[in-house]
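Same chain, two partners: subunit A is paired with subunit B first, then with subunit C.
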Partner chain A sequence: MKLTIERDALLGPLAHVQSVVERRNTIPVLANVLIRAETGKLSLTATDMDMDIVETVEAEVGAKGAVTAPAHTVYDIVRKLPEGGQVELARQGEGERMAIKSGRSSFALSTLPVEEFPALSGDKLPHEFSLPASELRALIDRTRFAISTEETRYYLNGIFLHGTKNSDVPVLRAVATDGHRLARVEMPLPDGASGMPGVIVPRKAVNELRKLIDESTEAVTVSLSDSKIRFAFGAIVLTSKLIDGTFPDYERVIPTGNDKLLEVDCKGFAAAVDRVATISTEKSRAVKLAIQPGLMTVSANSPDSGNATEEIEVGYTAGPIEIGFNARYLLDITEQIEGEHAQFAMADAASPTLVRDVSDASALYVLMPMRV
Partner chain B sequence: MAAADEAERMLPRQNPDLAGQEQAERVLLDAYRSGRLPHAWLISGPRGIGKATLAYRFARFVLSETSGGAGGGPGGGLFGAPLPPESMAVAATSPIFRKVAAGSHPDLFIVERRYDEKAGRLKTEIVVPDVQGLGNFLHLTPAEGGWRVVVVDSADDMNRHAANAILKLIEEPPKRSLILLVSHAPGGLLPTIRSRCRKLVLKPLDETTLSELLARHRPELDVDERRVLARLAEGSIGRALDLSDAGGVELYRELIELLGSLPRLNAGDVHALADRLGRRGQEQAFTTLAELLTWWLSRALAASAAGKAPADVIEGDGGLALRLMAGRSGTQRSGGAGLDRWLDLWDKLTRLIVRAEGANLDRKQVILNAMLGLEAAARH
Partner chain C sequence: MVMAAWPRHDMIARCRDCAELIPAAPHAIEIRCPACGSPRIFRHAELDSLSIAHIDCDAFYASVEKRDNPDIADRAVIVGGGKRGVVSACCYVARIYGVRSAMPMFKALKACPDAVVIHPDMAKYQRVGRQVRSLMIATTPLVEPLSIDEAFLDLAGTEKLHGGSPSRTLMLLARRIEQEIGITVSIGLSYNKFLAKVASDLDKPRGFSAIGRADAIDFLRTRPVSLIWGVGPALMRRLNADGITTLGQLQTRDERELTGHYGAIGKRLARFARGIDDRSVDPDGPTKSISAETTFDADVSASTALAQQLWPLCEKVAERLKRHKLAGRSVTLKLKTADFRVITRSRSLGAPTQLAETLYQTALPLLEAEAQGRKYRLIGIGAAEFGDLSEADPPDLFDRKSHRVADVERAIDNVRAKLGDDAIMKGRALEPRQRRAR
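Our next item is the complex of A and B:
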């Protein structure tokens, strides 16, 4: 293997793929990046065995071939090379070393056999559709805060992605929940997605994907089977295992008959909750909402630090109600609401409350109250 | 020499050969072919007879079956169902073999003692962080769409917390997952783990198999030395190789020669031996000698209790045992007070050696101590 590439063209892809490499590894080859030179292009692969990222970039290839070298070291070297220079990567001898040369610097890194490098990608997945990166970002952003971190309920450790119908319109839906709150976001079902199995995308893959599509404006091609999912956009392909479990029947916990409707100015409400929550105890983070027609009093009480109240004007006409919530959860939800007004639909102080953006019907959130 | 070095360093997951365990292999293969493979297996037997090698062999087989390798994969073929697999062998050059050997197969999870960077050696036990990734592994879909295999080598190394963590997963294993526990002493495992596993007991290798294996892995040894090693190792190729590398045969000869003069030991020889093994860099030789001494003693005890001499490993060691344990008169019936004394000594020595390694006792003093104990026991 031998190739030449501009330092700047190499650095970006290296930065992308090396982020999936764990700092501490008990399996030596997982610390490495697989560098493969093909006609006119170079592909970089890194993996943690649960997911892998492959990025392809154009390069002047002198000799085809592949090698694996320590990912973080290669990245650090390339990062420190002067901007605008040319970098030469070459396999030395029988492949025991990989040489990196640029200007007057040269490095020789130890390598491991390519055959030991685990492969996740490669096979064809039966379902495929594409959607704009911005839509995918919206699906992820508005659900991932609710992903559970509890290992015993592993089937909640990801975003449940599936096709379904909402009042006869086919939609692609993303759902996440940790048992205290639930986020459900949908978009019109893309072509080719009908018939796809419902899959749970693990948190780590979600976070890695979100980082990678942050700047992307292109379409993302999603392909999946019932055991793998792949996202391809631009030069990057991310493949991940899925969570092997059944997502609970979430429809059951979304209340339909809540008749106490409250409308608040979202930003003002969030700011008030944030201020008042300063007082609430670190552990429970509870705030109380006392609501009567036209007026809501947000309060918090802590035996250690004192108490706080703030009044805000709200749109409310039903009977007075007092209800408590975890302030962190309230803020997580209001952060995702882009419209000016948020609507809370409540039943009583012990039943799940439905929250939604008044100007956007695609997302809804369910929140369990706290006893205060 | 290079070949010997390689063989010495070969881990069970890198070893393509398994000898003398055809019967156990058949049990696993039959279970697999029956379509109702138990999800957890406890593979037990003495150290160094191929338990882990068998576990990895089975792991490779199951993994290659799902990726359509060895047996043509699941599902019917064009001309009827494919023939059921007859052997577990997976070629050492296949991608699956290479990945399993490197520990980098995405559908294989290996639980073993980890390297402790601070102490600069392997940890003494398997701790909770070592098994933490396991839940995540079993709760994700398999990369190849087939089986997920876990090898625990060895289950005896798990501390209580790690064992409890793994127990949860053995209790409720996901579909198409296979957990292979290797154990040298299954009696020490949690009964709750034992009761949830299908048991597979491996037998020690017979002397012929062991000699053949030694001939392959240590071709430089002569026939006589191989025979002694095979007897010393009692059916364990692992132990035979360890002994061979540590100069065990030489040490054993030296030991028996030394003990031959009991009840009176040659003080000069004893001190020379203790001095030599007490030196820096002789840790391995010390451990080997200690092992051989307690092994000889326990074997002598067992045989004497039955009233006969143990079979000779080298010229005269069996007779020596009988002479000593039968008492000074040589006519007195064995058993009773005489054997008790030797049993106490064995017990004392075993504990002394464990302490010597744990607390870094002066090795020279430990040897002198042991020899004095032998003298005292023999003089009665």
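Our next item is the complex of A and C:
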């Protein structure tokens, strides 16, 4: 294998794939990036066994072939090479070294056999649909904060993606929950998605995908089976295993009869919660909302640092209520509400509260109150 | 033959019995204290400039038993119990026969059939332990207990108060513990906790050792890597596989290299191997974990039977969490196989807990994964990584019964507080046989 490529053209794809590589690996080859040279192009692959990212980029290929070399080292070298230069990658000898040359710098890195590199991609997945990157971003951004990190409930460690109907309209729905809050976001069901199984996309794949589509304006092709999901866009293909578990029946925890309706100016409310929560300790971030017609008092009390209160005007006509929430959870939700007003539908201080964007019905959030 | 060394003028010498400084004799080395005539003289160049000590009671439980029964003073004494119990402590006579603490009782008795076996009287040891501790606290407020019978002491700045160097104060403290409580201690003196602890082990029993700044590197060079706290069998195998067996070899590698290779522990490997340890002596050394374990009378392999043993331990840990107002964010299951291999499996929780039910439900899948027909002799459970109480056991969207679980446990706790531990229990705690009978 021997190829030449511009440093800047190589750096982006390397940055993308190396981020999958874990800092610590029990299997040595997982620390490596697979570099494969084909006619006129170069493909880079990195994997952690649960997911992989493959990115293809044009290159001047002198000799076809493949090699694996330490991903973080290759990335660091290319990053430090001067901008605008040409980089030559070549397999040396029997493949025990890979040479990187650019200008007057040259490196020889130890390699591991290409055959040891695990393959995840490749097979055809039965369901396929596509959606704009902006829609996918909206699904992810408004749900991923609620993904659980608890190992015991591993089936909550991802976003549940499935097709369903909302008042007879077919929708693609993303749901995430950690048992304390839940986020449910939907969009019209894309063509081709109607027969898809419900799947749980693991947190790491969600986060890597989100980084990769950050500025993308293209369509993303999603294909999946009941054990794998693949996202393809531009020159990048991300394939991930799915979480093998059953997502709980989330519909039953979404309250339907909550009749204490509160409407707040979303930005003002978030700023007040943020200010008041400054007083509460790092670990416990409880704030109390004391609500009466027209007026809400946000307060926090910390035995160590003191207390804080702030009053804000609200739209509220039901009977007075005092209810506590984790400030972090409130802010996570208000951050995702783009409309001017947020609506809270409450039953009592111990039951789940429903939060929505008044001007956008595609997302809803459920929040479990805290004892305060 | 006794090698008579010439007096070294850079050495400071003190009498271990009266703690007085022994002036350097110009012509011959003093082999007895000029003040009290004792032959127990300790010399070290930095003796009067070291102030961190580790004090360890010698064969604590056995020493207390010997103190209370002079008839057994010269015999091999083993404290431990139960058919399948292990040796909790053994006196130095028993150690001559190869008896060690944590050894299974049957092995210990095979090695030393004439030993006097005494069932542990924990309440008594606690009482004596507290007496020792109060003498320590009378010496310096900076006492960090490690267990019932050992503690770190920081004596920096106590020179004026006690009218002498920390070494002198410590020698007097050891004498006072012997005279007032009737047991002996061994003392390690150094400039940090790691080395103080290492030093206290060098001259047991009734010992006194010091490791100074100048001799630490040389002293550590030939010691095995297992000396460092945190180097267990697994890490030791890795280090050995990489050709590292002594601290001297670690001294040649830098911290970055070791961290890169072995993870977070690499930092400790690099620093401790060079005699660097900046942990301070923390008098309220916070409780880091709460755990309970039990050794079975006969090996157990069925997962239901193991779960049966697990539940009361969960209750015990939960009770202590509640009493100490703590809530753990991680749960660790411990098992010991019939061939004495210890297995631990941990899970972290989304929110800290102090509920027996949560401990149990978290540990159960871990237990089921390990049960798989293997035989075990011990099971234990622990909670660690303590979090904020106000965050503990939050209500859960999918488990709306969670607050009822907490209420039930609180009710059980209240009944037990009034009527005793056996007054009320969950059905789970009953043997299947009992369950039918009731």
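By our rule, the second predicted complex is superposed on the first by the 369 of 372 C-alpha atoms of A that agree within 3 Å, B and C clash if a C-alpha of one lies under 4 Å from a C-alpha of the other, contacts with A are read in each partner's own complex, and residues count from 1 in each chain.
Throughout what follows, a contact is a pair of C-beta atoms (placed from the backbone, for glycine too) under 8 Å apart; a residue touches a chain by one contact, two chains touch by 3 or more.
Worth saying up front: this structure is predicted, and the values here are computed from it rather than measured.
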| item | value |
| --- | --- |
| Superposition on subunit A - do subunit B and subunit C clash or fit | clash |
| Touched partner set for A:S167, first subunit B, second subunit C, both or neither | neither |
| First (subunit B), second (subunit C), both or neither touched by A:D178 | second |
| First (subunit B), second (subunit C), both or neither touched by A:T39 | neither |
| First (subunit B), second (subunit C), both or neither touched by A:V366 | second |
| Partner chain(s) touched by A:Y154 [first = subunit B, second = subunit C, both, neither] | first |
| Touched partner set for A:P113, first subunit B, second subunit C, both or neither | first |
| Partner chain(s) touched by A:T256 [first = subunit B, second = subunit C, both, neither] | neither |
| Contact residues of subunit A, present in both the subunit B and the subunit C interface | 151 |
| Complex contact set, residues of subunit B against subunit A | 95, 98-99, 101-106, 114-115, 135-136, 138-143, 145, 174 |
| Residues of subunit A that touch subunit B when the two form their complex | 26-30, 47, 49-50, 112-113, 115-120, 151, 154-155, 157, 202, 225-228, 241-245 |
| Complex contacts: residues of subunit C adjacent to subunit A | 263, 347-351, 361-362, 365, 387-388, 390-391, 394-399, 403 |
| Of subunit A, residues touching subunit C in the complex | 24, 148-153, 177-182, 248, 253, 281, 283-284, 286, 350, 352, 366, 368-371 |
